[in-house]
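Below, chain A partners chain B and then partners chain C, in two separate complexes.
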Partner chain A sequence: MAENKIVDGRGSFCPGPLMELIAALKSSQVGDVLEVLSTDKGSVNDIPEWINKVGHEYITTTESEGVWHITMKKAK
Partner chain B sequence: MKKILIVGGGMGGTILANNLARRLTNELKTGKVRITMLSASEKHMYQPGLLYLAVGKITPDELYRDQASLLESGIEFHVDPVEEFKLDNNQVKTKSGKTFDYDYMAIATGSRMFPEGVPGMVEGAETFYTEETALKMFKRLQSFEGGKVVITVGVPHKCPMAPLEITFMLHDYFKDRGLGDKVQLHYTYPIGRVHSLENVAKWAAPEMDKLGIKYDTFFNIKEVDAANKVLKSEEGVDLKYDMLITIPAHKGMEVLEKNGLGQNGWVPTNKTKLNMEGRDNVFVLGDTTNIPISKAGSTAHFEADTLGENLAAIIKIGMPVREYDGKVFCFIEAGKDRASYAMFNYQNPPDPKAPTKAVHWFKMAYNKLYWISARGLL
Partner chain C sequence: MSTNKICVVVVSGSLERLQMAAMVASVGAVSGHEAVVFLSMNALSHFVKGADTKAPAEGEMGRLMATKKVPEFKMLFEQAVELGDAKIYPCSMAMDVLGVEQEELEDYLEKATGLTKFLHDAQDGQIWTF
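On to the complex of A and B.
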């Protein structure tokens, strides 16, 4: 199983982690799984909403030691 | 002698220098302290004035003062920008080839718009972040007789309220020209609401509804097709426009990135102590930091107040006396003659109220009072 592609948006603030994800998607292939790391709580709502709006596949959000891990699959 | 070096002659650097000169008057007189400022320009620009220049409310001469005239006596001022930072040696090297030593350094070099990061933006869009572009935008507005005006926003950018302010001010500008029915304003924003500060977004969206201003959220600029007048988003939306106005994404100064001080020119900074991460004698102010807070003149101002107090205390008693609490105060112009404001810090979010004429006139007064503010008196 391929490892998730990590998008490290820690320390960045709204909407920084979303911008990091958009940049990472440009260099990704359809089917790649990307995991955004964010210390900004706003990402928990913004990023899944953006993923759904654009039509990628939102997988999950987890939190560990103050870092949110938002996982998605590039669908197109 | 303790040498304090301030790199940058904008709002943060100027307020810091004047604040320190007043707190350390005796130390300056007796030669125990030296304060030196290095700037790229002999002029000081009141950057918030560019918004008004773009809609013909002020002229360029009102934006400038001689930098030297704003500084307390005793501050050494050189127009000689830094090209090389040698942090391990406590030295900088300037464009003229001189080397300056320091015991304490504050970096306050600001930020710059970076429209070149989006294909077609320079050719296809108007903006107002420099004197030249603001004047060009005003000339374009004056010849505009109707159609769709799209206002689009890249992040991060300087002045958090500018996208909203220019939108509301354009509404009144076109109304005054009798074009209210012929112009459709269309605002776009990168995240799922019309402003990054949630309470500001909650305030602004109904204001836009009331004025008939359309808006799209989750709109991240991909490219500008200037030939066909189409703005394309990362989300796959193509938006036709007759005039495109942009708040471009910004970067910190190139010299900081070249010297490895921070990605995109944003220097990693402790958000309460304001020192550069990993350096106890290097401090960072204003737009230059990577602190998760608005890139605004008032941020630089309040940070400079804190750092001035702390650096003077370090000289006098060997330790800082307080922490920066994240305080920011921004006026929000909501048209040509009404305004609100947002005041917030790390703990307390803003809570903008309904716009009033009184707040607008306070902002108009502040546009003149700024020069007292830069001197560190207000």
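On to the complex of A and C.
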């Protein structure tokens, strides 16, 4: 069954949140939804770029109280 | 997805250059690139086990990075190998000059390599030098 996971990259700088997401993807199943929390603006642009480049499904980016939430689904 | 090879030559022992090299290698290696890293000159001593990894800053950016939660360059190089398609080669000449053996280097490094092999590996890739 697909899971929802939170990857907490708050406080870290590029490429920390991206690498944390990739580490979490390694232990995830196809169909799992992962939400990265980031306070680093560079990562907010870079992570969706990476998701699209490697062929996962990018869902949304939202911001709340200085924290960005980037959501994706593992596609392969 | 691109399968371009990225070859990263690291000669500097300064924090900014090691950090940028680690970022290029790690992000490249997890984004569909094959990353080949060659560590030589002042860069290599940072990869001796137990070495002081506090690389000296060249300027303001390096000093600021040291006070913030920037991922450590050695962690990024290790993640490049663990999570991506990266191979990191210590330069055999630099090892000879430093007097270090393979087993004294971090375990995620490949066997020592000379320039002839590296240049052969690099001939069909981009080359980034730090």
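What we mean here is this: the second predicted complex is superposed on the first by the 73 of 76 C-alpha atoms of A that agree within 3 Å, B and C clash if a C-alpha of one lies under 4 Å from a C-alpha of the other, contacts with A are read in each partner's own complex, and residues count from 1 in each chain.
Convention: a contact is a pair of C-beta atoms (placed from the backbone, for glycine too) under 8 Å apart; a residue touches a chain by one contact, two chains touch by 3 or more.
Just so it is clear, the model here is predicted, and its values are computed rather than measured.
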Chain B versus chain C as contact partner of A:Thr61, first or second or both or neither: neither
Touched partner set for A:Thr71, first chain B, second chain C, both or neither: neither
Touching partner for A:Asn45 - first (chain B), second (chain C), both, neither: first
Which of chain B and chain C A:Ser28 touches, first, second, both or neither: neither
Contact residues common to both interfaces of chain A (with chain B and with chain C): 11-16, 18-19, 22, 46, 50, 53-54
Residues of chain A that touch chain B when the two form their complex: 11-16, 18-19, 22, 40, 42, 45-46, 49-50, 53-54
Of all residues in chain A, those that touch chain C in their complex: 11-16, 18-19, 22-23, 26, 46, 50, 53-55
Contacting residues of chain C [partner chain A, same complex]: 1, 23, 26-27, 30-32, 65, 68-71, 76, 79, 83-84
In the complex with chain A, residue positions of chain B that touch it: 155-156, 190-192, 196, 198, 218, 220, 234-236, 268, 290, 292-293
